[in-house]
Every structure is written in C-alpha cells, then in structure tokens.
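Chain IDs A, B, C, D and E follow the sequence of writing; residue 1 opens each chain.
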Amino acid sequence: MVKIGIADTTFARFDMGKAAIDELKRNCSAQIVRYTVPGIKDLPVACKKLFDEQHCDIVMALGMPGSKPVDKTCAHEASLGIIYCQLMEGKHIIEVFVHEDEAAGPAELAALMDKRAREHALNVVKLMFKPKLLEKEAGTGQRQGYEDVGPARI
Amino acid sequence: MVKIGIADTTFARFDMGKAAIDELKRNCSAQIVRYTVPGIKDLPVACKKLFDEQHCDIVMALGMPGSKPVDKTCAHEASLGIIYCQLMEGKHIIEVFVHEDEAAGPAELAALMDKRAREHALNVVKLMFKPKLLEKEAGTGQRQGYEDVGPARI
Amino acid sequence: MVKIGIADTTFARFDMGKAAIDELKRNCSAQIVRYTVPGIKDLPVACKKLFDEQHCDIVMALGMPGSKPVDKTCAHEASLGIIYCQLMEGKHIIEVFVHEDEAAGPAELAALMDKRAREHALNVVKLMFKPKLLEKEAGTGQRQGYEDVGPARI
Amino acid sequence: MVKIGIADTTFARFDMGKAAIDELKRNCSAQIVRYTVPGIKDLPVACKKLFDEQHCDIVMALGMPGSKPVDKTCAHEASLGIIYCQLMEGKHIIEVFVHEDEAAGPAELAALMDKRAREHALNVVKLMFKPKLLEKEAGTGQRQGYEDVGPARI
Amino acid sequence: MVKIGIADTTFARFDMGKAAIDELKRNCSAQIVRYTVPGIKDLPVACKKLFDEQHCDIVMALGMPGSKPVDKTCAHEASLGIIYCQLMEGKHIIEVFVHEDEAAGPAELAALMDKRAREHALNVVKLMFKPKLLEKEAGTGQRQGYEDVGPARI
C-alpha cells in the first residue's frame, strides 16, 4: 500500500495538512503519516525523516512563507533543501507553499491555502497512481490555487 | 541502444516534450522515455528517476518558468537541482527553460518553446552520437531558440 | 536519555545559548552539550560535530546575523549549511537567528534574543518529547520572539 | 603523465579552449583532453566526466556568460556546480569565465577571452608543476586578463 | 601534534597567510601546511586537499573578495563551498575574508587584512586548544579586525 507523508508547520496560518489529507482520502486509498514542525526551514529534514523512518513513498511539504524579505530567503533555503532531499531519496516531495502576500487578506489567504493544498494533493494522486494523466496535461498551463492559464498556441 | 529521458511539466504552456521527442526521432535512433511532473521544481527528481529507474543515458528537462519574481527563484532552485543531479549521476541533463516573459505574447512564446526544444534536442543528438561536431562549434556563439550570434573576432 | 546540542557564537551580542539551556532544563530531562564557535558560518560544522562526536539527538543553532548586506549573505550561507547538515544526519537542527536590525536598540535586541531562544527551546522539547502537541498547533500562526499571529479564517 | 581536461562551450563567442590548449602546450608537457558542451550550465558535469571517464588530474572550465540578468544567474549556478564537483573529486577545476559585458565590443571581448584563458592556463601549470611559485605570489594582487593590481601596503 | 592548513590566494592584495602563520606560531605549537591558489573560488577544494592529502585538523581559508558585484557573487560561492567542505569533513575551516571595499584605501585595507587574519588565527588556537575560552565569550559581541561591539543588555 502506498504511504504518503504530510509535513507541515505551526507557523502557517491555515491547516494545509488537514486539507491535503482530506483531499487525499477522497481520491485514493493510501496510508497517511503526518509530521508537524515549527517552520518551513524544518521541512526538508521532516521529509527526510518521513522517508527514512516512516518509509513514505512520497511526501507533501506544506508551508506559508511570510511576507518580509527574510521570509523570502527562508523559503528559498527550504526549497533548496526540499529539492536536495528528493535527490538523496529518489522520491518526490510535492512542495505546497503559499506566500502570505499572495492574498489581499486573511480570508483570501486561507482559501488559497486550502485550494492549493487540495490541488497539489491531486497531483500526488496522479504521480503515484495515474502518471499517464500528467503526461496528457503536459504543456497545458496547469496552475494550483489559481485558474489554469491554458496552453499558448503558435 | 541509447535511452533518452524526457522530463517536462503540466505548468508549461506548450508541449515542449512532444516537440523534443519529434526532433529526436527525426535525427537519431534511440529509445525515448517520457515523464511529466507538475512544475519545474519537480524536474530534478524526475531526472533522477529517469536515470535510476529507467536507466536513461541522458535526459532533457523542459520547463517554462513564469514571469513573477517568485518564478525566477523557482527556476534558479530547479537549475541548481538539475546541476546537482548531473553530478550525482555523471550524466548530462540538457535543461531547456523558456521564461514566459522572453516572448511578447502567447504565439511568440509557443514558437520559441518549440524552437528551443528542437534545437536542444539536436544538442542531445550531438552529445550522444557526434561529440566532435560540438568541438567544431566551440566558441562560435551558438544560441537555441534565437539566431546564433556568431564568434567575436580580435 | 535524550542528548541536546547547543551551538552558539561569540559574535552574538546576547548569550542565547545560556537562555536556551535554562529553558530546556526547566522543561525536560535531557543531557545538554554546548559548543561555542566564532560566528554563524561556523555553526553548520559545529552542529555536525555535536551529532557525530557528541552523539546529540537534536541541536539548537543560535546566532545573531549583523545588519549589513554581507551579514545577510552570511546568514543565508549558514542556513543552507544547517539545512544540508540536517539532511546528512536525518536529525533536526532548530535554527534560532535574531537579526541585529530586528530590534530598535540593544535592550530590545537582548530581550528578543532571550525570548526567541526560549520559545525555540520549547519547540525542541515538543519535537523530542511531545510531537502530537506540534500537530495540534499546525496552521495556527505560531511565532517565536513575537506574539503569535494566529490562524487565518476563510 | 599529467592529464589536463578542457571543458568549453559552443555558446561562447571565442574559442577559449583552443587558446588554453595552445598556452598549456607551450608551457608544460601534459596529455590534454577536450570536451565541448552547449552552455556553461553543462560545464559541471562535463568536468565530472573528464575526471571520472578520462581520468584527468585537473580541468579548465571555460565559458562566456551573457549579459542579461538570467545569464548572471546561469553563471552563478554553473560556478556552484563547478565548486561542488571539485569537492566531490578533491581535484581542481580552474574556472575561466569572461562575462560578455566585461568588454566594450567584440574585438575587446575576444582579446580578453584569449588573454584570460592563457593566463589561467599558466595557473594550471603552476598548480600541477610549480606550486611553490603560487605561494611566492600569495597576496600580490594577481589578475587574469587585466593588469595585476599589486599588493596593498600598510 | 595538531596540523593546521593555511589556504590563501594570489588574488589578495596582502599576504594574509603569512600573518596568520606568524600569529599561530606565537600562540601555539602546531604543524603548519600552506597551500596558495589563484582565487577565492579555488579555496574550497584547496581546503579539501589540505584535509585529505595533508591530514590537517583545521584549515584557515584566507581571501580578499573584490569590490564589483561579480566579486560578491564569487565570495558567496566560495563561502558555500567552504561550508559544504566542512560538512563533508566534520572539521572546521575558519574563513577569513576581507572585502576590498571594507577599507577606504590600500593602507587601511592591508592593516585590516593583517588584523583579521591574526585575530582569526587566535580563534583557531581557541577551537583546537582552549574551547572553553570560546564558551566564556559566547554572546559577547566579538569582532575580528574591528573593535568588539560587546554584549547588548536587557
């Protein structure tokens, strides 16, 4: 049985982990393990532990970088660690980051975090169970959290 | 028989994977494996999997970074992962990125993505089958997607 | 018995290591090892040594990046090293950085360094002894050193 | 016999590889292997292959980053890969990059690329055959391609 | 007997390696090995060689980044390589960089390079022979090359 890890943070202002788990449960049959850490810079090793200690096949890393310049730097560092962890493991980590300043206010922020977490949960389902669906969508301008932009035509 | 991996994304707005595969088929005899992932930050591990699980000899990583500052950071992170993956494997990944803001509009964008994918497919053919051709072109100002700028002369 | 490493610097202008150790001792029963190095760029290998030579289960890396652009770059480099060290070890390093320019003056700076060190020490306690508490706080907008911002609601 | 690898690109607008090889041949007796790749981001793995497949003792990585911001990012990524490759191998890669916007026009650009490639070829000779010469020049403000600035005096 | 590596460059405008060696000899009994390379980007692998080929216990990496934006990028790349090398080895590299634009002119520059090299040499002595002295200085605002700023008080 496929095992999916959910790594999320106490820093974020919406429970993206819960949204992702709900969406995963609606769309596939998999074992789910959750691991919550303080902030996004703790996510890379949280993913490493989910792979090595919990034997997950894929992990979602969910976080909300703040809006200050230092937060952007933190997000960049976390992302590099997440990419590096994937290369060490040879397994996917689907990073789901919503920057606090992507939304005009708290309600919009929470809605965006919910939507992006759910849409990326569907990407996890496709990667693990239906990879041919992703190939069909290649180059079609898919977006998560926003409306798809669609393909550009010559 | 040479095995070429094609890693591309659903985020991109043109099917660069298809263009690359078409060009490869016209110009060499190789086995081709395709793997589509959501976005450019998923490309490094997609390449890793194409090497380790599919035993590819070389991979093309095709993507279209968006035009916002956060997209530029994503492209930078993906590129570092792609370089690091190559060093882990000792094998080439030809990165084919077209930034969405390189083109004035959708038609120009699609044409550029098609052209750059095809011209880099030819680089793959040269690297795998005719490395001496690349040596002949050393220092001659080759470009992919745009006209070659040619050599500078003293 | 859990062993906690404390890596800190002589560059910082407040003894964050002492504050962290005091808070740890009040809240858990663990063995504590301290290692002081000159600056934040020495912290990644200090953590590595605390894991490999002292067999720590988790490490706190405490530092105070200065306010000049070069100091921001140093902090970025140190953070990348700290993330990379965690991936090598599969163990957490809780980074506690207070940027000198986060505070208006020395008194505010010292108070912030004390508070953030203590609040992150509590995160260490939760990670090692009560991980379910962190899961309860997922997505609730926790902050260390400042007031929590709380969750955003749809 | 010492084996020197020469990694260069078709993107560059001057044949720096040829200049480097010419200068090496004038100044030492070594076996030389050349490997040309499309662009600077292909250089790190080109060096890796020159070490692992061709058993080179040292490699020169020659390239010409373009003048656009994206080119500066590419150069940064290539340089990080080149540094990382050296650490994996424990062997030197002498990076010889000339940024296209270092020169006012094509003739100056070509002259600078020729001169820097040649002067760094001499650094390779010193590293492999006369390391004591470098020690004598320590702290003397050596430059490659431009006039030496010389030491600062208290 | 402790073995200390000194890695420095011909690019720098003051012989920091000599200053560091002089200060080390005045303050401890250790074997010293020096290795001079062209520029700061050659320092990470120089340190790697000092550890692996010369069996050093600790290394000082001394350099003078120039004042242009490209030089700042080089310094950043070198620093990342130096941090990464430390993690590979589990041993300290004390980076001693003086940016050319830290000083108003050549005399001030040379004096700063001399002073910082010497003060960091004392850090090396403390790390290897008297680590408890560093712990005593934790959080006291130590600086190298400039006057110490001292602790901030609540």
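Here, a contact is a pair of C-beta atoms (placed from the backbone, for glycine too) under 8 Å apart; a residue touches a chain by one contact, two chains touch by 3 or more.
Worth saying up front: this structure is predicted, and the values here are computed from it rather than measured.
Visitor: In the chain contact graph, what is the shortest path length, in steps, from subunit C to subunit D?
Guide: Minimum number of steps from subunit C to subunit D: 2.
Visitor: Which integer distance in Å separates the CA centroid of subunit B from that of subunit C?
Guide: 40
Visitor: Between subunit A and subunit C, what is the separation of their C-alpha centroids in Å?
Guide: Between these chains, centre-to-centre, one finds 25 Å.
Visitor: Among the residues of subunit B, pick out those that touch two or more other chains and give their numbers.
Guide: As it turns out, subunit B has residues touching two or more other chains at 80, 84.
Visitor: State the ordered list of ring chains, commencing at subunit B and continuing via subunit D.
Guide: In ring order from subunit B, with subunit D immediately after, the list is B, D, E, C, A.
Visitor: Within their complex, state which residues of subunit D touch subunit E.
Guide: Checking each residue of subunit D against subunit E gives 72, 75-76, 79-80, 82-84, 86-87, 90-95, 99, 120, 123, 127, 131, 134-135, 137-144, 149-154.
Visitor: Using the touch rule from the top, collect the residues of subunit A that touch subunit C in their complex.
Guide: It comes out as residues 8-18, 34-38, 41-42, 44-45, 48-49, 52-53, 70, 73-74, 77-78, 80-81, 84-85, 88, 106-107, 109-111, 113-114.
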